[in-house]
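In what follows, chain A forms one complex with chain B and a second complex with chain C.
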Partner chain A sequence: MRSKRRQWTAALLWTVATSGSGCAGVQSALDPAGPQAARINDLWWLMLWTCAGVFAIVISALVAALRRGRAQPAEDAETERKMTKVVAAGVAVTTVILFAFMISDFVTGRALWSLASPDAIIIKVTGHQWWWDFEYQDPIPSHRVRTANEIHIPVGRPVKLEMTSSDVIHSFWVPNLHGKTDLLTGHQTVTWLQADRPGKYRGQCAEYCGHQHAHMAFVVIAEPVGQFNAWFDNERHPAITAANAGQQRGQQIFMSRTCMMCHQIRGTDAGGRSAPELTHLASRESIAAGTLANTRDNLKGWIVDSQRFKPGNKMPSHDLGDEDLNALLDYLESLK
Partner chain B sequence: MNSVRNIIGVALITLALASCERERRRFNEVPPGATANDAVRQSVLQPGAPQPNQHLKSVYEDNAWAVSEGKRLYESFNCVGCHAHGGGGIGPALMDEKWVYGDQPENVFSTIIEGRPNGMPSFRAKITNQQAWEVVAYVRSMSGQLAKDVSPSRDDDMNIKTPEQSKEKEQPVTKAAEHPK
Partner chain C sequence: MKDRELLQLEETWAEPRGFIGWFKCVHHTSIGRRFVITAFIFFLLGGIEAVLMRIQLARPENTFLGPDLYNQIFTMHGTTMMFLFAVPMMEALGVYLVPLMVGARNIAFPRLNAFGYYIYLLGGIFLYVMFFTGTGPDNGWFSYVPLAGPEYGPGKRADVWAQLITFTELSALVVAVSLIVTVFKLRAPGMSLNRIPLFVWAIVVTAFMIVFAMPTVALGSTCLILDRLVGTHFFNPAEGGDVLLWQHLFWFFGHPEVYIIFIPATGIISAILPTFCRRKIFGYTPLVLSLVATGFIAFGLWVHHMFTTGLPRIAQSFFTAASMMIAIPTGAQIFCWIATIWGTRPRLRPPMLFVLGFFFNFLIGGLTGVMLASVSLDQQVHDTFFVVAHLHYVLIGGSVFPLFAGFYYWFPKMAGRMPGDRLGHWNFWLMLIGFNLTFFPMHQLGLKGMPRRVYAYLPGMGWGGLNLLATLGGVIMTAGVALFLINVFLSLRTGEVAGENPWDAATLEWATSSPPPPFNFDSLPIVAGRDALWDMREGHSGSAAPAVVTGVRGDLREVLVTTVLDAEPDHKTLMPDPSIWPFLSAVATSGLFIGSIFTPWAVPVGAVPVTIALIAWFWPTRKEHLERIEAEQDHGRTPAPPAEPVTQGQA
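Coming up: the complex of A and B.
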């Protein structure tokens, strides 16, 4: 008897512990890092606890009824009145709870728009199969920055995202910061973000968009203003010039082969817009929309046979010789 | 009675196989040495007895996915900058019956890869052979050369489904050199 109880306690503790760890993390709506995610989080817990309470009451009523067994049917007016009262009370409580939910839902929904501020950073987001195109907007053209699959934002400053899609419907979702917003072709949708504490938050496409939907991720890096400004300053400069013979050879390969048809490297002839921008590729954490860590080996494998990692993606395979491939990698790795 | 059933069965299987080809997605294909050089002649005059032209048949022309990829690439490689959506502008129209450098798949492929005088750039080494063949398939769909179920049917831009001066649809090539396979 005692060992059974101990087992139950252990199981309960394990469940609580694991569910607790499931809440925290770089991609969790229950670990809010911004005002909107916090509001969504509050609403979520309110609904969870209320529904848990209702569930507990219903189940205990059921258990009590089962234990009591079938009573003799009482047809008298007294019992009838009692039953009517109980049912009426049930309906009333349910209605009140549903209205409370509806009102808190409205309030939360309205609050999610309260970030609107003229001081906001504006980022244009374009969804592609299967990667994210980000462009920081600015009235001064040289302060516009295009990047892919990774954005940096300063802590405490609102960010306005103007979003659209180039092919099918995608959905922008960074659970730690906000709910989902769809990206539609030929139509702009807008959402706001703000991070209140520094950190890395993983985002993910949340609308099925084809073969590699699951590999369409990105990262939002929230950092203190100084750090953000340093990053942005580096990012808005064109790519560094190739320093040595190897890098120059790599650059030449990039410009004379298929790479330059789709990819952009600011400050060079490569101006393609249909694939991720590579001006500061080496400063990013991952390649292929969060699929692979940004290491030399992964980059090599990706260039030679990207279809092996992400079947169906739009990057063709390349049969470069070892020497050319290494030169190209030298060049790409120099793009800090 | 049995023979009728057999015929229906064979017809259904053929249909099923044909639709497989329409839907097949070739993600990782490197068409071997697809230069189309042997098939392309700029002149009809030849020394000796004239050899009949051997046309290449591109498998991508039966493949809806390849044609839609061709359409995407047609935009992203900026073919649209000169040829518009088939109606032409700086470059010649692609939806009519006039073809300066030939209208067969191998001619179009060759034109893309080699480039042509007075404006058409050469895309040699800048796009893969597979991409080039996909663009060829899409270009030929503009003048109505591809089967209806293969050609892109929804256009955000000018509609090229019923071109006014389009070429008549070609007869199927009988002695086809299958390409690229």
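Coming up: the complex of A and C.
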């Protein structure tokens, strides 16, 4: 019994000790790439080691209590007095530790909000069932850039996110950069991000939002300023015009079918806002809110029968002939 | 002389027999036993749902359950475990044990208590019937608006959930009231407040928390159902409503709810430890104060479920402080328990094993709970599998393990036979290992970015291995629970006959036969200390019989009412007879509740049978009328029972 308990403790400590190394990943809170995730990560390790210590001490006390026992316990006043002192000391130490935790939380909390800067990029985030709408803000309305499920940010520059939801509550979360903030219907919430090193950081909706909550992801691509500016310049331009007959046919299909009622392609008649913006679709890494790689096959499968990949999502299936479908794919793939 | 008195008691308090009689029973042991069994069946149903979810998540992009079914199942799992298992199970134990522990013949308001049970039963059946007809709620056990509102939650699913809340809150409230009055007015003479068993204290604190917490969720679910059914706009931002209002209302109930489940579990620990360590509990007063403090602080924590909603930071800081503060009384309890064990050599029978398992598991859950109190850290792990791990360590580690300890501990009292030790050991180890294997990896999954309530995840996320491990653990844990069922089945048939007090415990439920007769005690005990039976044994080293109450009539359902503080005899009163009307009232009320989600007319029309049933409930029969007159005349003739204990020898 006692040795088993010790084995358990050992197993626990081992798991705890190895958990740090196992957590590197595209969507991990323990692999920080920005100042905020780093602060929270520090707080986590502080709390984890302190709590592990508390756990070890309390379990040792329990084991010791079991081990030192006699069949006829002494309940004399002397022992009771000693016990009372130990228990009181335990409560006092608990209180001190909790107080220390509270202070470190307040300090971390202050640090998390210290990014605020007038130099920041401002992005308006709108949550939809089940995709993300991003709009880079600019005082001149025509300079605003709208995109979906993927944002690029320059390394080292703060980003302010102004968020709301068009339908139900969602939550914006990029674990490598920062904790989450909810997108509330009828409220605007604000959070700040900054990436300290280039990389691709995956984010995912963290508030249960219905059928496809599981497949409501996005990616934050942090890149050096030069690359970011190039990307942003390209995004600002309307979609390229269809270059050849196939693409033109594809564009026609897009405009004559239901596609244009929901999707926006800037520079064309398609101006719908209830589905992801597609002006530079071909430059993105994934489709279906971070669910599928952006390949021709996946795009095809998605158009023909999106319910197969994300049952319950709001994209209708399209019954197109092979030729039409290929033309449409040609057109969509030209939207760099 | 003695035998005639007993026969008289048996005749007076006899529970009705037969099929119809089954619905008339009002004794707390009959209702309490049904309550426990029903809640356990819901525990098994919730467990099956958990296993289905674990199978679905065992590998990436699994197609065992689609999103529609998965979302219903996780909602059913949460709703079942919280509303149909955990809270009712705690109240069920209270209903069965509290009157015995305080030395009463029955629970206060026995008909109301029976009504509470039937409402709970019918509500649970309603939920599962709807689930099996494809109308199971699918918005989570918290039913956040607008997802559960009229626009995004079409159909009847969210209505089913909201109305189930009405059922459970009504049931919980009436049972809580019965328990509070039982403890405050029906205690055995001599059991002053500072001598009440800790389990009873835990139930009292819980019952008060139910009384204060349940009305909030009642208000919330009523507003929700009004929004959905008659077009009000409490939660509709387009018309000036607010989606966060729901979250405040829900969590103002939802957080105390966690302690409503946890506090009785601490009572079970405090009941078992002295028995198996063979010594008085260490720190009775601090333990009681901790319970009460926990009860109060629990109402000041709800915002820590809303740290990501962008509330003002100063407000969040307050709730961080409160959330951390609640760890102080909990810590004090743990230290007192360890001090109780210190220096003893506890008998490692199944109840004690589960208590030791509790320490291990709950400590982990409590420590991660302290972490979650931090706004900054919570922003990362909120709504991830880290929280799934935390809450299961608290609820399974902190409540289900003590519950199983309690099942083994009180099984002899309820069944009259001892539970099997060998199977009990296997049961414990499988549950302990399975539980930790299931939930420990979830901490890491959450930190690696896996959100809660996802029916699938992409292969590239690197979550497959830990999820498979968790599923494996789930299988082991299920085997552990299955062994418990087998153990119960075998013990009921071939278990050793238990006798009155097989564990040599100190509280009054062990001072009567197992299972107890419908009048609980042959003669009502008088209490001289905190550990009633041990004190009696020490005080009357064998020769004289223990002090008992005399002067309470055995030919009527007469009971002694005592004062709140010192439990001095105050007056006598009559307990109601068995009656079919609590059951019929529950059926009528359920009809109204269920009908109202289909048409508002169910409210005025359904009110008619409810009114009739309630009038019939209180309409005295001729026999009751005569008894009441007789008892009143009787009071005029003889004085109230003497305040001084009268021993049986003298009487």
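The rule we apply is simple: the second predicted complex is superposed on the first by the 305 of 336 C-alpha atoms of A that agree within 3 Å, B and C clash if a C-alpha of one lies under 4 Å from a C-alpha of the other, contacts with A are read in each partner's own complex, and residues count from 1 in each chain.
Operating definition for what follows: contacts are C-beta pairs under 8 Å (C-beta built on N, C-alpha and C of every residue); 3 or more make two chains touch, one makes a residue touch a chain.
For clarity, every value in this text was computed on a predicted model and none was experimentally measured.
Thinking of the overlay built on chain A, is A:Gly312 touched by chain B (first), by chain C (second), by both, or by neither?
In the superposed model, A:Gly312 contacts both chain B and chain C.
Should A:Ser256 be classified as contacting the first partner (chain B), the second (chain C), both, or neither?
first
Using the touch definition from the top, say if A:Gly179 reaches chain B (first), chain C (second), both or neither.
In the superposed model, A:Gly179 contacts chain C only, not chain B.
Any idea whether chain B or chain C touches more of chain A?
The larger set of chain A residues in touch belongs to C.
Examine A:Met47 and indicate which partner it touches, taking first as chain B and second as chain C; both and neither are also allowed.
Only chain C; A:Met47 stays clear of chain B.
Which parts of chain A are touched by chain B and by chain C alike?
167, 186, 311-312.
Mind pulling up the chain A residues that touch chain B in the complex?
Residues 167, 186, 256-258, 260-262, 272-274, 305, 307, 311-314, 316-317, 319.
Contact residues on chain C for chain A in the complex?
66-68, 71, 139-140, 144, 146-147, 151-152, 237-238, 241-244, 277-280, 282-283, 286, 308-310, 313, 316-317, 320-321, 324-325, 327-328, 331-332, 334-336, 338-339, 341-346, 348, 356, 359-360, 363-364, 367-368, 370-371, 373-384, 436, 440, 443-444, 447-449, 451-458, 460-462
Hey, which residues of chain B end up touching chain A in the complex?
25, 27-28, 30, 72, 76-77, 125-128, 130-131, 156
List the residues on chain A that touch chain C in their complex, please.
Residues 1, 5, 8, 12, 15, 19, 22-23, 25-30, 37, 39-40, 43-44, 47-48, 51, 54-55, 58-59, 61-62, 64-66, 68-71, 73-75, 79-80, 83-84, 86-87, 90-91, 94-95, 98, 101-102, 104-106, 108-109, 112-113, 129, 167-169, 171, 173, 175, 178-182, 184-187, 189-191, 202, 204-215, 291, 311-312 of chain A touch chain C in their complex.
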